[in-house]
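Paired with subunit B in one complex and with subunit C in the other, subunit A is shared by the two complexes that follow.
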Partner chain A sequence: MKVLSKSKLETALNKLNQSAEVFLPMQKDKESGFYSWKLFNQGQDELMLNALNVYLPPKNVVLPQTERMYSIKQEGQEIKIDKTFEDSSPRVIFGARPCDLKAILCMDDVFLTRGYEDSFYKCRREAITIVANACFQPGPACFCAAMEINPLEPAGADVIICDAGEAYSWEAKTPKGEALTAQITEYLEEKSLSLPAAKPFVQDVKYEGVAEKLKGMFNNHIWERLGESCHNCGICTYVCPSCYCFDIQVKMWGDEGYRFRCWDSCMYEEYSREAGGGNPRGSGIERFRNRFLHKLEFFKERYGTPLCTGCGRCIVACPAGINIVKIIDEIKEAELDA
Partner chain B sequence: MKDISNKIREIAQTLFKEKKIDVFLGWEKGALDFQTVPFIARSEADARKLVFDEYSIHNLATLLLKFRDGSEKIGIAAKGCDSRSIVRLLEDKQFARERLHIIGVGCPGMKDPLQAIGMYSGLKKQQGDGNALAAKCYECVQPNPVIYDDLVGSQQPSRLTGERFARVNAMEQMNADERYRFFEDTLSKCIRCYACRQVCPACNCRTCIFDEMKPQWVGRENSPEDNMMYHLVKASHMAGRCVECGECERVCPVNIPLMLLNQKLIKDVNTFFGPYEAGMNYVEGAKPPLSSYSEKDPDDFI
Partner chain C sequence: MHKCECEQPLVPVIVEVMDIKDETPDIKSFFVKNPGGNGLPFNVAPGQCAMVSYLPVGESMISCTWQEEQEYLQFAIKRVGLMTDELHQIEVGQKIGLRGPYGNGFPVEACKGKDMLFIAGGIGLAPLRSFIKYCFKHREDYGKIKIIYGSRSYADLCFKDELFELWPQQKDTEVFVTIDNAEEAWKGHVGFVPSYLEELNPSSAGTIAVTCGPPIMINFVLKALEKMGYNDEQVITTLEMRMKCGIGKCGRCNIGSEYICLDGPVFYLAQLRDLPQEY
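Coming up: the complex of A and B.
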């Protein structure tokens, strides 16, 4: 098999960096997330390829938190679209964990399928190559296997690497992956490598049947109890690798301006507020319920897979200690209202 | 702390039994050992689940807002910082004092479950020896409750050992350019999740300026400009009103030093309009500085 020795990793990254912007998991100051290799400060920052997950997912690379769409000029009565900002510059996400990769595939479903193609998303996404880092040792908050993911052989990766101590195994899976491999072929060796044995999951989560059961639970009494301590703060949706809700807004200065898209969250009152002032999800509990129904039921109904990928970030970040695993359990145990 | 836990449980059960309260806001154990999470008890049986331990850090005062339009009688457990938050809500007329039964707790200092779970899951690095208190607790000047109907736990000394406004003083030493760069860098990281607002007891406005769309006062772009605008406006709304519970900084997922700005304002309000320390004692009808208006004000600009 092809092998990338860890001692050659940085040179290989430098090489890839010549033709694409490479995003990797890093610890930067107190933050951890996916940042550009260009911003890596030797001696200060730390590569986090060995950590299971970093705090901020690579979502920002496929769906930037803020993205300009087009600029506008007003000339007399006319409004002209001045420029569109479709971005097709090549990017590599290096070392995404299978849960984060699956989250990107979920976004592909949303932005590219069922008769809708988002040209901004498409343009950027087509120029992204993903190197996934297989997981042999799930962490205490992980439950991807329960959410229809194979952490050892994740679907949809362009390249899969496995950490075998001194080196990574390197396996291209798609033509994009082959192209990436060709770029660093001088740093890859051909040899055999023994991969670590897969460890069992710490958490036992049983998602089967949850989507179906939720169909009858829209008005169930459990939501009130589960969600009453939620702040509707939106941390969970912003650190989630798969939450993709956005808003489109405009900034104008006199006759000129631009439209942009920015992340939004179903946890916010303003997100579901209608132009006339009404709000179908006016209460915090309704918004809380929506998040879990979308993750566990609606998305599964529409796209055949849950929108939660089991990365565990929301469990770690929620200030009120709200735990999606516990919520899945409670749904399974709940009695259906007569 | 077992003692405190038992006493809170006992008092809450009695209050339910005597029909003096309809709900009780406290903490219960979460899924993991170090998770102690906010809990709304609605019956004597529920009240048996109440706990108080070293992870009961969550400020429960903001939960009160869920009941502000109702008429329920509410029991609530409050550490020092939580009790100052309750004073804030009372001063802001969110509640009538009669609706509350407050169990004050002399607070021995809390650990931070967000730090603990971050380390446990490998997403955060170990800071200190793992037994350390939450950062905010080391700066606490008021661990004892300032308003209560029952008092449990023992009187605690202030835990602040160093200089009160050390971080602020260091910032004041920077020149204008350095300071601008510092804030530009720091605030660029903000992901604008608004958690710092949601957990804040001073942020009790029914419609927050950041949610207004017509006009939209602050842009929603995640850019240094819009981020700085968010923090400038949020911070200035805290002047004279922040009770130093430190929850904003604790919950921020990207470590924005929100208390640096808040403490600068605490210091300035005290210097220019004080002596004043927000939420330290409740006097019905009293108004914090910057909340009152007088036509005889010698300044011609607010």
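Coming up: the complex of A and C.
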């Protein structure tokens, strides 16, 4: 098999960096997430390819937190849109964990199917190559296998690497992956490597049947109790690799400006508040319920897979201790209202 | 600049406002066409919507109340928020943004041969009007037409020339208008739409009921129709929620796993029975 020795990793990254912007998991000061290799400060920052999950997922690479869409120019009653900002410059996500990769595939379903292709997403996404980092040792909050993911051999990767101590195994899975491999072929060796044995999951999550059961639970009393401690702060949606909801806003300086989109959160009251003041999800509990139903039921009904990938980030980040694993358990145990 | 060949569903086209008409103190009709007067950017079927934008301020999803051939698209817009407030300040000749058409529209084909009952409140007449005018345009395809419409006051009634002049003159057509509270000059019915509907008690036989209005009105109208013997396949309503993208991506207008912007805004009551009661 092809092997990338860890001693050659940085040289290989420098090579890839010549023709694409490479995003990797790193620790920068107190933050960890996927940042550009160009921004890596030797001696200060730390590469986190060995970590299971950095605090922020690579969501920002496929769906930037804010993204310009088009320019607006006003002159009296005339108005012009003379620029749109689709960005198709090449990017590599290097070391995405299978849960984060699956989240990107969920976003592909949203932005590229069901009648419309979102041009901003499409241009960006088509120029992204994903090197997935297979997982052998699930962390304490991990439950990806329960959410229809194979952590050893994740679907949708262009290249799959496995950490075998001194080196990574390197396997191209798509033409994009082959092209990436060709760029660093001088740093890859052909040799056999013994891969680590897969360890069992700490979390025992059984998602089977949950989407179907939830269909009869919209008005169940359980939501009041489950959502009671939620502050609707939105941190779960911020750290979630698959939460994709966005807002569209405008920024003007006098007669010129642009429209942009930015991440939004279903936890916020403004998210669904209508111009007349009405809000179908005016209470925190209603928003809490909608989020979990979207993750566990609605997305599955629409796209055939849940919108939770078992990364466990929201469990770690929630200041109120809300735990989606416990919620799944509670749903399974809940009695249906008569 | 955009290099690839892909369609750009989120980028509006520019259209020109060729006429503006005051419908009520807070509702104006905007008539738009391509800048310079050559046709329309796209066709809009009855019940479909478009994202209308006063570009420096924002975008709002508005149902198109009528497309007149290739002459104009008409949007009747109530002043309720930031964008609509700005839109109410513009003058004829202003260029605005438009993208669409969005949504499924009314099942005009499936309703052929039926008697039609339209029940609307306030600005809720705007989407229904596209269907009503379509029926008049294809008069022989539809049976008897009854229109029940109400507003807070006489001044708040939309499309008065049609309500009181044009529509009642149409073949086999009856128009019933009500206002919420009595007024000195008003000789017509006083009361809310749902109770007026029950009072009139139009037969459900061979009839399709189409309703739109404030959520509270819709709820009571649906209950009244059920009481009057309309089954779930005979009742059509249009829903609305806050929207940003209009193409089923941005997330916020879902009811269950359906998106109102894409899968709606028109639903049979039978479809709504399967969805969470969140509208």
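Structure notes:
What we mean here is this: the second predicted complex is superposed on the first by the 338 of 338 C-alpha atoms of A that agree within 3 Å, B and C clash if a C-alpha of one lies under 4 Å from a C-alpha of the other, contacts with A are read in each partner's own complex, and residues count from 1 in each chain.
Convention: contacts are C-beta pairs under 8 Å (C-beta built on N, C-alpha and C of every residue); 3 or more make two chains touch, one makes a residue touch a chain.
All figures in this text were calculated on a predicted structure; none of them were measured in a lab.
With subunit A as the common reference, the superposed partners subunit B and subunit C fit together side by side.
On the chain A superposition, the C-alpha centres give an angle at subunit A of 90° between subunit B and subunit C, rounded to a multiple of 10.
After overlaying the two complexes on the shared chain, residue contacts for A:247 are found with subunit B and with subunit C alike.
Of the two partner chains placed by superposition, only subunit B is touched by A:231; subunit C is not.
After overlaying the two complexes on the shared chain, residue contacts for A:221 are found with neither subunit B nor subunit C. Looking at the shared chain after the overlay, A:69 reaches subunit C, while subunit B stays out of its contact range. When the two complexes are overlaid on their common chain A, residue A:77 makes contact with subunit C while staying clear of subunit B. By the touch criterion defined above, A:315 reaches subunit B but does not reach subunit C. With chain A used as the common frame, subunit B approaches subunit C to a shortest CA-CA distance of 6 Å.
Overlaid on A, the two complexes show subunit B and subunit C touching the same residues of subunit A, namely 247, 249, 273. Chain contact summary for the complex, subunit B toward subunit A: residues 30-31, 35-40, 58, 62-63, 66, 113-114, 117-118, 120-125, 189, 191-195, 197-199, 211, 213, 216, 219-223, 247, 250-251, 253-255. Interface of subunit A with subunit B (complex): residues 27, 29-32, 51-56, 65-66, 139-141, 228-229, 231-235, 237-239, 247, 249, 251, 260, 262-263, 265, 268-270, 273, 284, 312-313, 315-317, 319-323, 325-326. Those residues of subunit A lying in contact with subunit C across their complex are 69-70, 72, 74, 77-81, 83-84, 86, 88, 110-111, 114-120, 122-123, 218-219, 244-250, 252, 255, 257, 259, 261, 264, 266, 271-276, 278, 280-281, 286, 290, 293-294, 297-299, 301-302.
On the side of subunit C, the complex with subunit A involves touching residues 1-4, 6-12, 14, 55-60, 80-84, 90-91, 93-97, 215, 240-242, 244-245, 247-254, 256-257, 262, 276-279.
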